[in-house]
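Below, chain A partners chain B and then partners chain C, in two separate complexes.
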Partner chain A sequence: MTQVDLQKLTKIYPGSDSPAVHALSLTMPSGRITALLGPSGCGKTTALKMIAGLITPSEGNILFDGDSIVGVPTEKREVVMAFQNHLLFPHMSVSQNVGFGLKMRGLDRHTIQRRVSEMLDLVRLPGLDDRRPHQLSGGQQQRVALARALIVEPRVLLLDEPLSNLDAHLRGEMRELIHDVQQQFKLTTIFVTHDQEEAVVLADQIALLFEGQLHQYGPPQAFYERPLNERVARFFGGINFIPGYKRGSVIETGLGQLQCYSAALSDGAVVVTIRPENVAIGRNGSEINVAHGRVESSTYLGTHARFKVSVQAGNGHPPLVLEVVADASSIHLYPVGQTVKLYLPPEKIWLVPAED
Partner chain B sequence: MQKVAPSQSISIKPRWGNSVGRWLAVGAIVVGLLLPFLPLLIWSFSHRWYFPAVAPTEWSLRAWRYVFGDNTQALQALGYSFVIASATTLLSIAIGIPAGRALGLHEFRGKALVRFLILAPTIVPPLAVAMGIHIVFIRYGLANSLPGVVLVHLIPVTPYMVLVMASVFANYNPQYEEQARTLGARPWQVFWYVTLPAIFPGIIVGGLFAFIISWSEYLLTLLIGGGQVITLPLLLFSFANSGDNAITAALSIVFIGPAVLFLILTSRYLTGRNAAIGGIGRL
Partner chain C sequence: MLFGQDIQVAKLPANKPKPQSHRWRERFQLILMLGPALSVIIFLFLGGLGLAVMQSLGYLPFIGQTELSLDAYRSLLSRGEFYRSLLLSLWISFVSTGGATVLAVGAALVLRQPFRGRRWATFVFQLNLPIPHLVGAVGILFLFSQSGFLARLAYLGQLIDNPGDFPALVFDRYAIGIILEYVWKSTCFIGIIVLAVMQSVGEDYEQAAQTLGANRWQRFRYVLLPLIMPGILSASILVFAFTFGAFEVPLLLGQRYPSALPVLAYRYYTDVDLNFRPEAMAVSVVISVLVTVLIGVYVRLSRRLGD
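Now for the complex of A and B:
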């Protein structure tokens, strides 16, 4: 059980002028899973390697339970990192790979053997002891890598894209395994991913990075319900952004006046956002937050239907296109060309700062 | 280091397709190398063999008695050659690993210059260099000594060793070392358990080059050894000059033997998948 604190952690690679990680401050709670999320190249691996001690930070500090570990060499940090490409030692058998960390700690052969077979059972790979890494499937390799990391009982487990090399089916299996194992060992786990869904399913806390900078940190729901800016909202599938002007609880937009309960921002220019699944299509009754538009396109998604609806904006605004996700059956109700009524529930409307 | 096995089928298929190919290659090398030495073998047992005769008219063991007899220079020369070639090989490995790593793995300013300097001894006539070195060695008491000969052998040997190791490290994934460290391996453990096994085929291939180059070096040994350090090639030349064909032939066989033996022992690193890792491509 170890709490990890990053304080203004910064890495500027030699010869590069923009930092790969910039003043990253995070407190990652003990015994929980934290996801470092962000698009490719945003500095996730760099951050992880700094925690592992494989890269020296240019600035800032890393604390484990309040003690700085920046000066501690990798092998003494009790942090295990499982890399993006599993990196099983090709000249060793599965059990030698899994037992590697214990051998380095000088444990005797029998103890190692016993722990290795316990570990292989745990990751559901019994009986593969003597195989070589190249004789395993991708999913098996990933699980061996996980077993090899867990066997040394690290204070902090770092996983770099643990699911990225797997197909959809194996991904689900591996995700469950990581979840179960983490619950069982109550390990402080930090995992890196570029897939927001993965982060949402697996993590207790998500830290979203763009270009080395932290944009939002919090539980998964916050990223859907309370994104801090347009970019965060877009990364989590937000697509409806309507510029407006806030006065109290009313926002003037191209759709007319919208009521909203969000009080996060002060009066002035804002951007209204609502998730496509929160826009109600064709519902009668409500008087406020209503817009009329024309169905431009519809896509049948099996469990859902997705519509693009263009709304004539008043007051000289350009026309707005809203995306709406509704019941799969509604695909027949609203053919392309039809005029529909859209309702934007006030409690589902969220405001983010206007960007210029 | 092999990154990911290129295809899984290789390991599942019975190994024999692979090993027949390997033994054919080894066979071809051995026959190609040994056949020219059949006449040598005959010469070494001959006593009288004049022009029109197809085979010697009289046979004798004189040459071989000389080679393996007491108080002859042959065994001593064999010993010298062996010690010098081994020491040169070990030293060149010690130089080749870090130098090859730097060249193969890292980009740094002046890399082209360093590469040129390493290659230079293969282009510049060794004689030109050796003359200068001789003067320096005399000053430091290294001339006419075994350590001096070992050091001067490093001139032709090191470039090959460094180049082989550089190509090994160019195909090497240093992330394995990072992985080992996060699992708790100390620096020497990382080297011993991770780096060394990965570059081992390259060390064998480079070492084979190094050993054979040093083993057959004549001119530099003569110059720096100053007649005090008599290795096999030196002895061989003096007998060749004296016109004693039988002894020359016997010494030639002794001379060539270890090289062929080395080649056979290391053949599994010269063929098949390991060869690419060793930096000489697939044979």
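Now for the complex of A and C:
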């Protein structure tokens, strides 16, 4: 059980003028899974390697349970990193790979053998001891890499895109395995991903990075319900953004006046956002937060249906297009061209700062 | 052949099996393209070897001798000179290949790290590649012989009373001059190959090992070394085969007696008495066979060590 604190952690690669990671401050709770999330190139791997000690920070500090470990060499940090492309040693068998960390610690052969077979059972790979890595499937390789990391009982487990090289089916399986193992060992786990869905399913806390900077840190729901800015909301599938002007609990927009309960921002220019699944389409008794629009397109998605609805905006505003996700059966009720009523429930409306 | 294939071992296998007809076409194209070069090699190599074997068996039509016999081998194997030469050649090849390999791996380890002026260092390191062995041998003479540069320097510095007291490093019993020349030349050859292999392996495996708790030495011993072993092997085998079979450096820098095997062959070959010709060829055939056998053993051993 180890709490990891990053304090203004910064990395500027030599010869580069913009930092790959910029003043990153985070407290990652002990025994939990934290996801470092962000698009490609935002500095996730760099941050992870700094925690592992493979890259020296340009500035800032890293604390494990309050003690700085910046001066501790990688091999003594008790941090294991599983890499993006698993990096199993090609010249060793599966059991040699898994037992590697114990061999480096000078344990005797029998102990190593026993622990290796326990580990292979744990990751559900019994009986593959003598295979070479290239004789395994991608999913098996990933699990061997996990076993190799877990066997040394690290204080902190770092996983760099553990699921990205797997197909959808294996991904689910591996995700479950990571979850189970983490629950069982109560390991402080930090994993990197560019896939918000993965982060939401697996992580207790998500840190969202853009260009090396932290944009939001919190539990998964916060990113859907309370995104701090438009970019965060967009990254999590937010699509409807309506510029407006806030006065108390009323926002003046192209759709007319909208009521909202969100009090996070002070009066002035704001952007109203509402998730497509929170917009109600069709007959609805409400008098407030209602707009009328025309169905421009609809897509049937099996479990639900997606509509694009254009709304004539008043006061010379350009027309607005709202996306709405509704019940799959509603695809027949609202054909393209039909005029529909949209209801934006005040409690589902969220405000983010207007960007200029 | 060995060389080109083995160097890539560190990369992950990616080729999928291809349909049969496709493969045949590719193979045919390959043969066509390699044809000219291949025929020259086969002609020179197998032709030369065949001729050497024939002559070693006493087939010398130009002096009217066409009967085949093992006389040359018999007389060769009964001569003490042959065994002394054999030992000397083995000594030279093993020590110089071993020394050069160790130095080369060390140099490659240094040169692969980022530091200021690495480009220059690598360039300087490769400089002696195009210099012929003959020039290297002359350089060794100039530096290390008892009338050479170092001897004079030592004399001037009053480290020794007269230049003749300088330790015999050339024309000496232990073939130090020869070994120095070979090490000087081969270190850079092996080093460049090993450096390329190290760079293709990258540092990721070592980083993975490091997070698993491997210290510097363990990362080298259990991760890097086995991964670059195929490259080291290929390069040092080439050097071994060369040093075992080449005659110019031992001819220039070696004692007259015993002389290295290739020098022995050369002496027999250039002897005015043409009756020595079969023995010259017998020595050459022995060299070829020994090199082949030794390479086999060496490969086996090192593979096992690498695991």
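As a convention for this text, the second predicted complex is superposed on the first by the 356 of 356 C-alpha atoms of A that agree within 3 Å, B and C clash if a C-alpha of one lies under 4 Å from a C-alpha of the other, contacts with A are read in each partner's own complex, and residues count from 1 in each chain.
Rule of thumb we're sticking to: contacts are C-beta pairs under 8 Å (C-beta built on N, C-alpha and C of every residue); 3 or more make two chains touch, one makes a residue touch a chain.
Owing to the predicted nature of the structure, the values given are computational and were not obtained by experimental measurement.
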Problem set entry | Joint occupancy of chain A by chain B and chain C, clash or fit | clash
Exercise. Which of the two partners, first being chain B and second being chain C, lies in contact with A:Arg132: first, second, both, or neither?
Worked result: first
Exercise. Which partner does A:Ala149 reach: the first (chain B), the second (chain C), both, or neither?
Worked result: both
Problem set entry | Which of chain B and chain C A:Val80 touches, first, second, both or neither | both
Exercise. Looking at the overlay, does A:Gln221 come into contact with chain B only (first), chain C only (second), both, or neither?
Worked result: neither
Exercise. Looking at the overlay, does A:Ser249 come into contact with chain B only (first), chain C only (second), both, or neither?
Worked result: neither
For this session: In the overlay, answer first, second, both or neither for which of chain B and chain C A:Ser286 touches.
Result: neither
For this session: Give one of first, second, both or neither to describe whether A:Met104 is in contact with chain B, with chain C, with both, or with none.
Result: both
Seminar exercise, completed: Both partners, chain B and chain C, contact chain A at residues 49, 52-54, 74-75, 77, 79-81, 83, 85, 87, 89-91, 100-101, 103-105, 134, 148-149, 152, 158
Problem set entry | Parts of chain A lying in touch with chain C, wherever the complex brings them together | 49, 52-54, 74-77, 79-81, 83, 85, 87, 89-91, 100-101, 103-105, 134, 148-149, 152, 158
For this session: Within their complex, state which residues of chain C touch chain A.
Result: 10, 12-13, 204-205, 207-215, 218, 222-223, 226-227, 306-307
Problem set entry | Residue ranges of chain B touching chain A (in the complex, touch as defined) | 1-2, 4-5, 8, 11-12, 173, 175-176, 178-186, 189, 193-194, 197-198
Exercise. Quick one: in the complex, what on chain A touches chain B?
Worked result: 49, 52-54, 73-75, 77-81, 83, 85, 87, 89-91, 100-101, 103-105, 132-135, 148-149, 152, 158
